[in-house]
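Order as written gives the chain letters A, B, C, D, E and F; numbering starts at 1 within each chain.
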Amino acid sequence: MSTLGIVKRTIVRADAAAVEKLGRFGVATIHEAMGRVGLMKPYMRPVYRGARICGTAVTVLLQPGDNWMMHVAAEQIQAGDVVVAACTSENEDGFFGDLLATSFQARGARGLIIDGGVRDVDELERMGFPVFSKAIHAKGTIKATLGSVNIPVVCAGAIVNPGDVVVADVDGVVVVPAALAQTVADAAEKRESFEGEKRAKLAAGVLGLDMYKMREPLAAAGLKYID
Amino acid sequence: MSTLGIVKRTIVRADAAAVEKLGRFGVATIHEAMGRVGLMKPYMRPVYRGARICGTAVTVLLQPGDNWMMHVAAEQIQAGDVVVAACTSENEDGFFGDLLATSFQARGARGLIIDGGVRDVDELERMGFPVFSKAIHAKGTIKATLGSVNIPVVCAGAIVNPGDVVVADVDGVVVVPAALAQTVADAAEKRESFEGEKRAKLAAGVLGLDMYKMREPLAAAGLKYID
Amino acid sequence: MSTLGIVKRTIVRADAAAVEKLGRFGVATIHEAMGRVGLMKPYMRPVYRGARICGTAVTVLLQPGDNWMMHVAAEQIQAGDVVVAACTSENEDGFFGDLLATSFQARGARGLIIDGGVRDVDELERMGFPVFSKAIHAKGTIKATLGSVNIPVVCAGAIVNPGDVVVADVDGVVVVPAALAQTVADAAEKRESFEGEKRAKLAAGVLGLDMYKMREPLAAAGLKYID
Amino acid sequence: MSTLGIVKRTIVRADAAAVEKLGRFGVATIHEAMGRVGLMKPYMRPVYRGARICGTAVTVLLQPGDNWMMHVAAEQIQAGDVVVAACTSENEDGFFGDLLATSFQARGARGLIIDGGVRDVDELERMGFPVFSKAIHAKGTIKATLGSVNIPVVCAGAIVNPGDVVVADVDGVVVVPAALAQTVADAAEKRESFEGEKRAKLAAGVLGLDMYKMREPLAAAGLKYID
Amino acid sequence: MSTLGIVKRTIVRADAAAVEKLGRFGVATIHEAMGRVGLMKPYMRPVYRGARICGTAVTVLLQPGDNWMMHVAAEQIQAGDVVVAACTSENEDGFFGDLLATSFQARGARGLIIDGGVRDVDELERMGFPVFSKAIHAKGTIKATLGSVNIPVVCAGAIVNPGDVVVADVDGVVVVPAALAQTVADAAEKRESFEGEKRAKLAAGVLGLDMYKMREPLAAAGLKYID
Amino acid sequence: MSTLGIVKRTIVRADAAAVEKLGRFGVATIHEAMGRVGLMKPYMRPVYRGARICGTAVTVLLQPGDNWMMHVAAEQIQAGDVVVAACTSENEDGFFGDLLATSFQARGARGLIIDGGVRDVDELERMGFPVFSKAIHAKGTIKATLGSVNIPVVCAGAIVNPGDVVVADVDGVVVVPAALAQTVADAAEKRESFEGEKRAKLAAGVLGLDMYKMREPLAAAGLKYID
């Protein structure tokens, strides 16, 4: 009955073209394009400056202090995937380091999103293997208890299904359901196309109050100007 | 009766020369020169390495998940101001991004201090618009509820009155009441002038124990040396 | 009866050659070589990118808001030491800045590990004086209450005895008991020598599942593959 | 495309008899019976001592600082339901108080699980309306932005689908998928039936080492006894 | 120039009748009556169940690890006062115990609000001296550094001026500026008078959706009902 | 070389009479009597109101998510012991519940101090088995990895050696080294004998300012009274 101890080999990945298109936009834009849902919690941070990821999720459910399932996940990685690792309880041990990164990279993984700790951060930067994590921690882990691979997981507060698109940059991590990838990519593109004009106006000194026609609703809400 | 829903247009900014002089000193020095008060809590961090701000405060009181007042504040900015944003409850949503930064910068703002989250961090760095915040978070906000502009606020534990001088660097954020700006700037200058000599002595191997004449009070307090 | 108010002048430092050898390995490797103990908690972070320390511990027990004992500690520093500062209660005040760093550096200290706050971070980076701390905070401290120097302390969850080897890098901070320094250094070397071969195999696409012969124990534990 | 702004009226609730049976077991037992999954994070605490809930989930997704959807949810409550409220970002405002509790109770709700704050705690206890929350906070909320009702939500780290069984007691909160309710209830019963005998043996002084036959595997793992 | 080292003996306390009237209402009601401002952060909790305070503030600014100013404050207490203690940096030491409580109680104090730690909690309950604090901690403090008494302080995020009314109950702590005490008390009374009718309707099964006429604005905002 | 995988069977427990005497004093008093050291961090809280422990430490070092060593520890318990459990990394899983409590109680244990989570809290209260922990969490643990029993551990920031006296009450947890038990008990007694007279004076309205002769040193430190 448990969802532990399972590896799903066949998953439906988001359409490759849609993934590539999503990769052209920032996390904030994609989150807005989705209707303001899908973000992980803001404690998820890049382990080195400049890290950025866009790919399809291979999910892993870990046990605290145990990274056995990371090795099981490696076999399920295809080129263009991002490994998304959750844990059955809060734990910041260093589940991942340069050896696993070497293996994941060899399998074509584009990075790792982990609601836990990682180590060998200098090597990860040198390898160009981007990681977003809750913590950096040298603490080693064991290989003793089963978790699962490619089941739906909750990672840093967001539901991630295998095959979903995960985009991460300095502003955070967003999850786009596989079925919505193309629609969200198109909405992001549209949204961004509007921004240039707005930016130009604001740069020229036009106020958002006027550009967005806020003065009337603000007055209606009761805003008072005093001297 | 409520202090919400108010925009104060006329504020008394600290003397411009005093502000410029304060800008030559570090936050730690200014905090010491004020008698060790005025610091925000240490969770306020620069969103990019090298960010530094010194200017006069335009204050904003936000509601959780709502950045409407940021647009209202934009109109109150004068060249040399720093926007200082507090919130009625703890919330790390991304109240601020590159579009608002463009607007603030066009109005002459020197940066933002916000007890909440911001996004578009790469663009902020590219624009050279320094921000000190509690969090980085892509989460978008709405425009529905009134807060206030240019009322006294508590930002990250410090009282900020509109017109006060706010100085921020890698060591933190300090608030200097407008009326004390010149006095504090002078005291900071004096303090710093003493440091060169001390540094030279310490670099030459003189111990603080001797330079500050601590041996006697330490012995009086009961310090025991054992082998 | 209290352990406060004591300065131990004679401590047994770890063997110098073993310290130098430990300095060639990363914190994660040394922690593994010790049998996965000795790490400080992961909230201890370098105050600037690239900081790295290896040396013998001079320990300090501070009181909250008080850095008097740092000056007492300065006198006990010998070339190659690292100051390790704990506090009798949780406090993030800025116990340490560029003047103390100048003094410590003049005495031959290689860095500071502090379960509290520090300031003057830009100057510390400029001086090349590495610090790992719980916080960055401009808050000044007083000099009024006795703590101790060179007694065993608990720093960020780890027991540190004076003379122990402390190694810090981007992955965290590890403490090696003085008596174990050579053994751990040798074990770290051995461990690292095995990693090259593993890395090459993994880079070539060999799976950890096969390299570590995990398939059988995973099956025995009940792992199920489904499609 | 967004999942916001939706109210699902028809949901499939777990079988009533299974729900009642689950209500006879503790959260720890049910979590074990499910294979050690389904728990919310431990920051979810009862707002008064003795609170206990078992019922079927009506889910709500709130916006920070806004409890509009709580009123929308009230209409979807049936006798035996538990309202489970998540929020699009972390926020501890007081989304819920005695008036909403009166309404929920009148509709037959058995309690509230909320990843946020509540108020009027004394009245809630007097009414006998159990609540498990992240915080207690008097902070009022507005009614301005749409969330959703009866969509899958992540509450305190656990996925909750409308109709799932939620059980809460002093040990925490567990979510049982509706389809598994009967199976889990049976497994919990079986598990509990074994405990009496174990407890009697342990109370008589038999060691777990012997009762669970751990001595051999401990020795095999390398455990050493020294004097 | 510093605000440290000052004791203000003459403060303007809120009108006694208004204070007594405010004491009849809960914190949530008063906070609403003030227009949703004035609350301390929700980490401020009663140290024993049932604690409740209403009185006029005598403020204290403490230094970390130092409770000297508590003794200075004792002399400034008049019957009906509440001591409100802030600290120049975050510190959870036990600044207050049963001896100080005995002294405060003898002077007529109604309780203590402290953004720090306290101890002797069992005795405080036995004495009936209510305390709301950030922490319970046995850690003792020293008497070495000046803070201030009866200056404006920031306590748990709220500005408190000496003489303000402070009300604390299980829902939190709210600060009412002295000049607004009567107005807020009247507004709280009015607000509460409306609640009885609402409660009766909700208890009878009327939905908030109908009672507050929310259906139309919800539809206008785009809410969709699906089956 | 590792300190993991060891069970020390012979430990030197503090003198029984001294332990009993220490049991008559509160944690705050004992901590003061020791010279203000020995406290655990204030996040350690009793799992039920009224819990209180005094006994000699049997120490356990756990691995995250694994309670195997608890069973090993049970065999080392003698009447009058307290089990003190630390973990190699931060983890709040429920390492302990009513079955282990039954076993510990049968062996004569007086309670548990654990830097982690526990469950079955209602049963623990019913059994009268006091526990002080970092968290309450229903999360189950496995039995797969070796830790140690009766080695020195760091529990919630305090060093605990096997045989030390551990006293816990509502104010926190304090550790008294075995060799100091009698001296500290005597000092605590002496300290408490002074408190009655002080309390009587303070209750009669005498100020601490006068009783402790603080007025002169305050003036010397520069305290200014203003009106």
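Note that a residue touches a chain if its C-beta (ideal position, glycine included) is under 8 Å from a C-beta of that chain, and two chains touch if they have at least 3 such contacts.
What you see is a predicted model, and the numbers here were worked out from it, not measured in a lab.
Of all chains in the assembly, those touching chain A and also chain F are C, D.
Number of steps on the shortest path from chain C to chain D, with steps defined by chain touch: 2. It takes 180 degrees of rotation, in steps of 5, to superpose the Cα atoms of chain B onto those of chain E.
Look at the contact of chain A with chain B and you find different residues on each copy: under half of the numbers used there are shared.
By number of C-beta pairs in contact, D-E leads over the other of D-E and B-D. Over half of the residue-numbered contact pairs at A-F are shared with one candidate from B-E, C-F or B-D, namely B-D. One finds 31 Å separating the Cα centroids of chain D and chain F. Centroids built from CA atoms put chain E at 41 Å from chain A. Multi-chain contact residues of chain C (touching two or more other chains): 36, 39, 49, 88-90, 92, 137, 139, 145.
By the contact rule set out at the top, the touching chain pairs are A-B, A-C, A-D, A-F, B-C, B-D, B-E, C-E, C-F, D-E, D-F, E-F. Taken in their complex, chain E has these residues touching chain B: 1-4, 34-37, 39, 41, 88-90, 152, 154, 157-159, 180, 183-184, 187.
Residues of chain E that touch chain F in their complex: 5-10, 49, 68, 70-72, 74-75, 92, 94, 97-100, 102-103, 105-107, 117, 119-122, 135-140, 143, 145-146.
On chain E, the positions that touch chain C within their shared complex are 63-66, 88-93, 137, 139, 142, 144-145. Interface residues of chain B facing chain C in the complex, by the touch rule stated above, are 26-28, 31-32, 36, 39, 42, 45, 49, 169-172, 174, 195, 198-199, 202-205, 207-209, 212, 214, 218, 221-227.
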